[in-house]
Every structure is written in structure tokens, then in C-alpha cells.
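Each of the next two complexes has chain A plus one other chain: chain B in the first, chain C in the second.
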Partner chain A sequence: MAETLTTAPAGLPAEEPPKTGGSRHRAKGWTAALPLMLFVGLAFGIPAIALLGGAFTSDGSLSTANLTESLQGAYLTALLGSVKLSALVAVAGAVLGTFLAQAVVTSRFRALREAVLTASGVLANFGGVPLAFAWIATLGNSGVLTSRLNLGDHGWSLYSFWGLALVYLYFSVPLMVLVVVPALDGLRPQWREAAQNNGASAWQFWRYVGIPVLTPSLLGGVVLLFGGAFAAYATAAAMVGTVVPLVTLQIADALTGNVLIGHENVALALSFDMIVVAGLVMAVYLPLQRRSARWLR
Partner chain B sequence: MNGARVEFRGLRRTFGTTVALDGLDLTVEPGELIALLGPSGCGKTTALRCVAGFESPDAGAVLVDGKDITRVPANRRDAGMVFQSYSLFPNLNARDNVTFGLRVRKVPTAKRHARAAELLELVGLPSQGERYPHQLSGGQQQRVALARALALEPQVLLLDEPLSALDAKVRVTLREEIRRLQLSLGITTIFVTHDQEEALSIADHVAVLKDGRLEQSGPPAEIYDRPATPFVAEFVGTMNHLPGRVTGDEVEVAGQRLPVHGQRPDSPDVDVLVRPETVLVTPDPEGEAVVVTSSFRGASVRLRLRLAGGTEILADLPGHDAARLAPGEHARVRLVERPVLVAPRTAAVADAVPAAG
Partner chain C sequence: MAALTPTVLPDVGAPAAPTGRPRRVRVWRGIVLVVAAVYFLVPLLASFVFTVNDPVQGFSLDAYGEIFSAEGFGQSLLLSLGLAAATIVTVLVLTLPAMLAVRLSAPRLRPVMEILCTLPLVVPPITFVAGISTVLRWGPDYLSTTPLYQTFIAVQNPAFPVVLVIADVVLALPFVYRALDAGLGAMDVRTLVEAARNCGASWPHVMFRVVIPNLKSGLASASFLTLALVLGEYTVARLLGFQPFSVWIVTISGANAALSVAVSIFSLLLTWLLLLVLSTAGTRQRSGS
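Moving on, here comes the complex of A and B:
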């Protein structure tokens, strides 16, 4: 689920850290990082090795059979479904979150700002079964609003791709607000005034200055939302079961032997596919980020 | 680039209960550099922002060459502005910052680059065009900001405390360059500052503002030598407050009688305002004044002396004259014979000597 906590990607110029010289300094720096590296090794490295080992083992020998199977039929559909859902949630969440954040930042009411930021902090971490239940009780087949407004007669179903997207946006938009508010706060009023002073309209200010300055933060936000939605499981499991094909649901089914037994290693191969997708996203994101943040270096 | 006449007419602007401008009337002649000087909250920046179009006055008007521009949007005004600091677009290099206005006006790239080179040369940064703002020093950033403000050849140049974030040495160099540029371009310039030395050293005219009103406007020498009000006298330069007594057209102070300049308070007991450099001190073992402290300031020495009645007075002397006036030495004190300003008596005489220069 999206219990990702919110570290905003750097959006504004920061002082460069002083360069430490000499190997002794460097050695000291590494010593300080040891506990972290140990933790990462244990909590991330070992599972990753186990995952790779399992994914490439079939009937006790090295094989790509699991991987091949994980990229076929229902598994492939689920993987693509997850990518589609996550991309939609990431882009829509980023756009909506940015507009909401901009509204809050420009508002003169301090209380509104505080309220929205606090609510965002809570809602960005609202997920899993409780979130699913909240939506089922409100807009599910016999939810309060569904029956009051007779939404069922109009073809409404929460248990669909779009319903799931809506629910995912419920935690993705607040997450985007948290990510982008510091970046919006960093847009200095002088820049807007200087742009006006040079004859620019509001739109020209955003086009030439505002959006380029925000882009590194916005890209970071999109990737964060994509990751949150891509890895989400419990909400989807509680809400749609197998109605909407998602890779996390397929992994769970394969692990628990829900449909077929002996597919644990296919689950590991699917997890490996997820890592590859995340890697591909980063491969697109990093150069874009570097390009958009050229002026920061 | 030809300068325009800028007129403030009865400009009034309030923020909630705070009155920033309270009927400001002021005219800036074509090609002139005027400094708006005053303490924080006196309305000088608000006045400037009314010319730029970032503030709209509640009443009154701003005229440029006789044309009322009060309601013209900021992006259609013909005025270039340099802000206090950090106003360069961080995502654009120096060259693109300078030519931002030309880009907005869809001037072709080649032409823009040529103009940028010309402008960066003008502000002394010919080889820094590729650098981003965070790669430039504070002084260089302000030079780029100046080039950007001049890029569209505006009728008026507006400078909002452009030097206040810089260190002392850069501040002095840059202000002299601003003045040199302003004179060569002949552009009407409004320079907002709270630094009286800055205002006196580069402006043709200094306008001293207090509580949103014009207190006095005139050439620097006049503001310094003949301040119209005690506020101006106090704000520009250092002033001694000496107890005195008005009789007729004269005031008796420190054993001398001096003509009174300007308004007289109702009460005959007044504070007489005297500049430290008009206090003459001669070493004299028989003298009634005693040197309390002596602080060396390079070319001059500032002495604090206690007079016979216990009043303290500041005096500025050339360095070599002060060699024999160590703390504890006796001296004779005389005031230069010239008309002086008087103000209502302030409470405690002991507090009356301002410490600040």
C-alpha cells in the first residue's frame, strides 16, 4: 500500500555540501553510513537475492521458464493493467494535486493552508482495507451515496478500473500536495513581478519561469505517485478481488496457491517484472529530471 | 533612451489600518536620478511599486510625461525595475535573463543574443552570459538584473534598494556604476534606499519621506546643510541635541548666540541641532570641556565631550588635529557661526546625543 512517506524531491537550489578531501575523511564518511548499509543489506539485499534466485529457478535448475510464464496471458494482462492504472493515477494525481496546492499556497487564509496540509498528511497515508471499506460503504454497490442517488441505475460500479483509479487518487492527490507545496512556496514573488515588469503575461510567466522551475519537483511527484499506485495491494484486494487485473493481486494469488499450486516462483518472477518496470520508470525519469534541473547545478 | 518626467499626485495607499502613502506629491524631472529616502515603513517602496504597477493607489495618480498610468497593468508599463535581491529567474542563464523581455516580445534569437552581449558588456559582465544566477555573486546578480531592467529601453528606471543585500565594498562600486550608466543613458531613475550616505552620494535630488508624506526634497547638499525639519536633520547625518533658549531671532546655546533657521517651537526652551563637523574643538588646559571618548574613523576622529553644564556633544575633527585630545584632556568648544535648526526640547539631555552615525 502507499505508505510511502513524503520526502519532497529537491525543487530549489541548495548550497552545495563542502567537499571533503583525503581518504581518511572519506573513510570516516563511510563509517557513519555503515548502520544504514547494514540495514539496507538485510532488509532489501537478502530478499532481492532470494527473489532473483527463486525467479530464475524451475524444477530445481536455472531457467527462465518462470519469467516467460510471468509475461504471458493473464499475468501479462495484470502487469499492463497495473502500469496503466499507475500511470493514470500518477498523471491525474499530479495535475490535481498541483492545482490544489497552488490554490492553498495563494490563499490568504493561513488556517485553510494548515488544515489542507494536515489533512493531506493524514490522507496520503490512508490506505489498505480501511480505505477500501470507507469507499465501499460510501460508493460501493450498496453504499450510502450509491443507494441515495440511485447511481447503480446509471451504470455506476466502484469495482472497476475507474473506480479503483478514483480510490487511488484519494491518497495520491494529498501526497502530491505535500510534495509540491514546498516547491510552490519556493517560487519567489519577485520572479513573477520581474516577469511582469518585462512585459510578460501571467501565462508567459508560467511558461518560461514557473513551470520550468517546478518541473524537477513535479516529475519527482509523478514518479512517487506511480510507485505508490504500482505497489498498492491491500486496497485493491479488499475492493475488487480479481475483477480488475493487477500484478500485485496476481502475485498474491500465485503465492497463496489461490488458483494453481506450485506457482510461488512465478510470483517471484512477477515481482522481478515489477522491479524491471520501476527501473524503466527511473530510466525515463532520471534523464528528464537531470535535464529539467540543469540550472540547479 | 530619453528620460521621462514622473509625477506623483496626491498618492494614497493603505494596507488595513497602516497608511503607507498619505498624499505623496513629488515630481521627478526628465533624466534625473532621485533618491527616495526614509526609515522602513515610510512608504518609499510603495511609491516605487505604484510606478511599476505592482501597487495601485487608493487615491491619487502617477503620471509619466503627463500621461496618467495609474490604471495601466504592470506588464504594459514602460519602466524597468531592479529588485532588492534574488529576482533573477533561476532557470535561465544570465543572457536569457537579460533578454527575457525580448523573448516575450518574440524578438528573433540572433537579435536577442546580440542585444544580451551588448547589455552584459554595459554592466561589466561580458563573459558571464552562460552562467546561471546561483553561479554568480550577489553583485553580479544585481548587474544582470540591471541589464535586464534596461533591455527594453524603458523611459524610467526603478531601483528598489538594489544594493542593500551586498557587502560594503561592492555596494560602493556598484552604486557608482549605476550612476555612471544612468548619466550616460540619461534615463529618469527613482532609487529607493534607507541608506542616507548612498542617497546623498549618487542622487541629483533626494526626497525624504516620513509616514507616507514628503518631508523635504532637494539636492543632497541642501538636504544635508539646510534640513527643513528636525526629522530630516535627524535622519540625514548625525545631529547633536544641545539645550538652548530662544530670544527673538536668535538662540543661546553653549555660551554662544546663533541665528535660528526655520520654524521655532512655542516654548523658548528648545533643542538646538548642531552637526558634529560644525563643532570646533581646541586643546586648552583651562578649557571647560572634557574629552570623554575618542573614536578613530580613518580621515577623521569623532570626539565625545562633556560640556560645563554636563551636556555631552559629538565633534568630528580631522585626524591630525585630534592627536592631542585624548580622553580626559581639557578643551574649548565653539560652534561655527551659522543659522541653526531648533526643535522642541526632548526629555532627558543625557539621552539626547544620538549614538548612530
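Moving on, here comes the complex of A and C:
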């Protein structure tokens, strides 16, 4: 008994060398990761601190005056406009994207599936200025379809809330397809067969099996689309200028000096509002992604 | 099965399902696909028609010919490509060693890395610019008497704005991280690196002769995504007052609408080509392994 007890402490020092070796190894790991951390810390951290500092300073002293101002009048309208547009695009894009994905997934033609997935990969990255110009050429005031179909006489304008939503869907729907196809693939045919054998109708299958399994991916997709539409600036700037009140346009306006003297920090306060909204939305997304990953194994 | 549920079967209409459902599904699917095809193809076709439609001749490709002689075209495209090259090199040099380290020796850093590389997705680019421009204003405001001021001026050199490279690297991080993470996940990094180290290979040798050749598709997709991102990046460049390709397109749009749409189509085709190359390279890799 005593012998085994004495060997135990003796065993501990024997374990020491690998431990120190491990920590030396870890130190090496730290050093290789250090440049990236330093870079992000500097390139991302300093602007973030500057933004926070500016948002909460007014006339050189700490205050919430900028924040209060950024949540009033035209600024509040812009923020709400952005949230409304993004929410509409997110929900509509998610629904349409899911239908398109389901049509492709259940199709017998493999080539169709490959083509749609490749096109989605390309179109989901198609934002910014070229997208705006393509739509202006199509449905703008002198666009091809507008002039051929005399849409102008019927009160059509691309440079409006609904026009912007139509354009944003162009990159949102493909993104949703990319997000939801793996989840739809994860819906095993056996589940449907089991439901049918138990006498479930198609509606009942979707209500009690399909939708619950898909919910995390669907909500995750909604969040992603919301974030994309909320942050989009280039398309809106090239298309509508300042016709539609959007928070990104307001920030750009304020940053380029189009603001009362002494109110420059409102742009920073608005940016802070945006980050809060985007952060809240993302906070919903991360746990959902983890839950949906469970079904995709 | 049927014997177990005799009371349920008749009123659910199970016999009707096999005959009725497939056709309904096929019609529904056809409508969805046709609507999608119209929605996604019409703007592309219409913008092409817009550029070749000449009020006098009826059809002309002049707008495309004008692209290459338009003022500022070469300069802005070169600037964009230069920025893209610098961004790709910087982001890979920073990310690859860090990700290898996390996989090999510091797995505890993994969540930190993940958060660092997802942050740029949460923070909208325009708020990032708001922060950057505030920092850049510190230069003339507080630092004009210090040597740091020269650095502030140097990073904003309009001929090659380093500040845009820095911003683009941050914006590209999430995409590069995901592409490299997928690439590293597909190969057994630990075994490869340990085998090479046991055979006496030096770290640079391991990097260039073992890791990088195995990671080719991951590196390629990371580079292509970064290239597409930098070529299309508008927000940061516009608000900091520089003029790479994407900003140039908007600048000329006031003068010549057909030309700007033609340039948009041109840049689209360029980006699509890159992304198609990337996606086919990806699938070939997958089917090969």
C-alpha cells in the first residue's frame, strides 16, 4: 500500500516533461496566430474604439446627445426604413428561395440542380453597383422594359421602396437557395414515407415533420438575408440616391460632410445603432446555426 | 400496415395520392422554375439590349468599344487589380499560419479565431468606414506634429491607398477563413505535418512543400473570393474618396448611361468567370477525393 502511494508522487514529475513540452508547443502556436490577432486588433479595434468614442462624445464631453439625435426625426425614419426593407426582403427572399430550392431538390434532372446551385453561388455574390445598373437598364425610368411596356404611365418607379426590394431579392433569393438546399437534402425520404404509412397527408407531413426540422435553417437564412440587405449600401446609393430613406445612405451623407456643423458625430451614433441591430440579429443566428448543423450530419 | 389502420386509410384518401400528387407537384415545380428563370434572366438580357440599342442604327456594339478608351478605365482597373493582389497576399500570409497553429498546437484559440473572423460579417461595412474615417481624421487633428502623421499620409496615397488594402483584408477575413477551414478540414494536417517534421523537414519546407500543395483548392477559392470582393468593393473606397473600378463606374454613369451599363456587364462577366472557375475547381476536387 505504502509503496503504491509513494510511486504515485514519483509518477507526477514523470508527467511533467510532456506538459512543459506541450506548453512550449502552445507558445509556438500563439506566435503563429499573433500577426493575425494583432492585425485584426489594430485594423478593426482602433476604428471600433474611435466609433464608440465619437458616438458617445459631444462637444468634447461624454454624452448620449448623439445617440438621442440619431433616434429622432429623419434619422429614425431612415433606421426604421432600413429595418422594414431588410425584414421584407429577408422574409420574401426566404419563402421564395425555399420554394425554388424545393423545386430543384425534388427534380429528377441532376443537371438542373447543378446549374441552379452554380448560378446561385454566382448571383448571391452579385451585389453592389453592377446590380443596380442592370436593373436601371431594365426597369429604370428609361429602361428597356419600362419604355417597351409603358410602365411609366402606370405609375411604376424603380426608385422606390418596392423597387429596391425587388432588386435586393436578386441576390437574396440565391443566397437562401444556397442556405436551404443542404437542409432540404437532409429531409430523409424515409420520414415522408413513415408519415404517409401512418396516414399523414402532405400538409400534415410538412406541418409536423418538415417545417419543424427545417425551422433552424430557415430562420438562419432569414437572419443572413436580413443582414445582407441591412448592410447593403452600394446598390442603394447607385440606384435611389436619397429618395428612399435608408440608414446606410444617411451615414454616408453625414460622413461626406452633408451635416450641420458640430453634428458630425451623428454618423458614428447611427453606425452604432446599426451595429446594435445587426448584432442582435446575429445573436439569434449563431445558436440556430448550431442547432441546424445537428440535422445535416 | 394497412391492417393496423383500417379506419384511417379510407378517409385520408391514400389511394388518391399516387395518381393526383405527382402531376400537381410537377406543375407547381414548373411554375416556380419558370418564374425564377424570368426574374433572373430578364435583367441580364434587358441590360444587354440597353447597351446595344442605338436610336439611329438600331444595333451597335459601340458602348463596348468605348469601354477601353474611356477616361480613367485603365487606371481604375489597374488600381483595383493591384489592391486585389495586395489584399490576397496579405490575407493569406496572415490567416494561413494562424489557422495551422490553431489546428496543430493551440486548439483553445479556435473560438477566438472564429469570433475574429466572423466579426466583419456582423459589422456592416459602412459602419467600419465610419470608424476608419474618424481615425484618419485624427491625423491632421492631433498628430500633425508627430512622425506618425507621415504614416497617416502614406496610407492614404491616392496612387495606392494602403488603407483600402487594410480594410479589404478585414472584409475578406470571413470568406478566407471559411474557405481555408474547409480545405484544412479535408486533409489530415496533423499527420502530414508531423510526418514531414519527423523526416527532418524545416518549417518553411513543411509550409511550401507539404501544406500548400495539399491546400491548393482551398487557397484558390479563398483568393478568388477575395478578388471578387475587392473588385466589387464600393462602400469603403467611395466614402474614403478613392477611385478604384467600382467607384469609377458610378462616376462615368452620369455622362454616358449606355457605357456604364456596358462596363457593369463587362465587370459582371469577369466576376462570374472567376466564380465559375472557382466552383468547377471545387467540384472537381470533391469528385477527385
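Just so we're on the same page, the second predicted complex is superposed on the first by the 228 of 297 C-alpha atoms of A that agree within 3 Å, B and C clash if a C-alpha of one lies under 4 Å from a C-alpha of the other, contacts with A are read in each partner's own complex, and residues count from 1 in each chain.
Going forward, a contact is a pair of C-beta atoms (placed from the backbone, for glycine too) under 8 Å apart; a residue touches a chain by one contact, two chains touch by 3 or more.
In this text, all values refer to a predicted model and were calculated from it rather than measured experimentally.
In the superposition on chain A, A:Leu145 contacts chain C only, with no contact to chain B. Of the two partner chains placed around the shared chain by superposition, chain B is the only one that A:Ala195 touches, whereas chain C remains out of contact. Counting the residues of chain A touched by each of chain B and chain C gives the higher count for C.
Shared-chain residue A:Phe99: touches chain C; no touch with chain B.
In the superposed model, A:Pro212 lies in contact with chain B only, and not with chain C.
When both complexes are overlaid on chain A, the residue A:Leu51 reaches chain C alone and has no touch with chain B. By the touch criterion defined above, A:Ile275 lies against chain C but remains apart from chain B after alignment on the C-alpha atoms of chain A.
Residues 196-201 of chain A lie in contact with chain B in one complex and with chain C in the other.
In the complex of the two chains, the chain B residues touching chain A come out as 52-54, 73-77, 79-81, 83-84, 86-93, 100-101, 103-105, 132, 134, 145, 148-149, 151-152. Residues of chain C touching chain A in their complex: 1, 5, 8-9, 12-14, 17, 21, 25, 28-29, 32-33, 36, 39-40, 42-44, 46-47, 49-51, 53, 93-95, 97-98, 100-102, 104-106, 108-109, 112-113, 116, 119-135, 138, 166-167, 169-170, 173, 225, 228, 232-235, 238-239, 246, 249-250, 253, 257, 260-261, 264-265, 267-268, 271-272, 275-276, 279. Across the interface of their complex, chain C is touched by residues 25-26, 28-37, 39-40, 43-44, 46-48, 50-51, 54, 99-100, 102-104, 106-107, 112, 118-119, 121-123, 125-130, 133-139, 142-145, 169-170, 173, 196-202, 227, 230-231, 233-234, 237-238, 248, 251-252, 255-256, 267-268, 270-272, 274-275, 278-279, 282 of chain A. If you check the complex, the residues on chain A that touch chain B are 12-13, 188, 190-191, 193-201, 204, 208-209, 212-213, 295-296.
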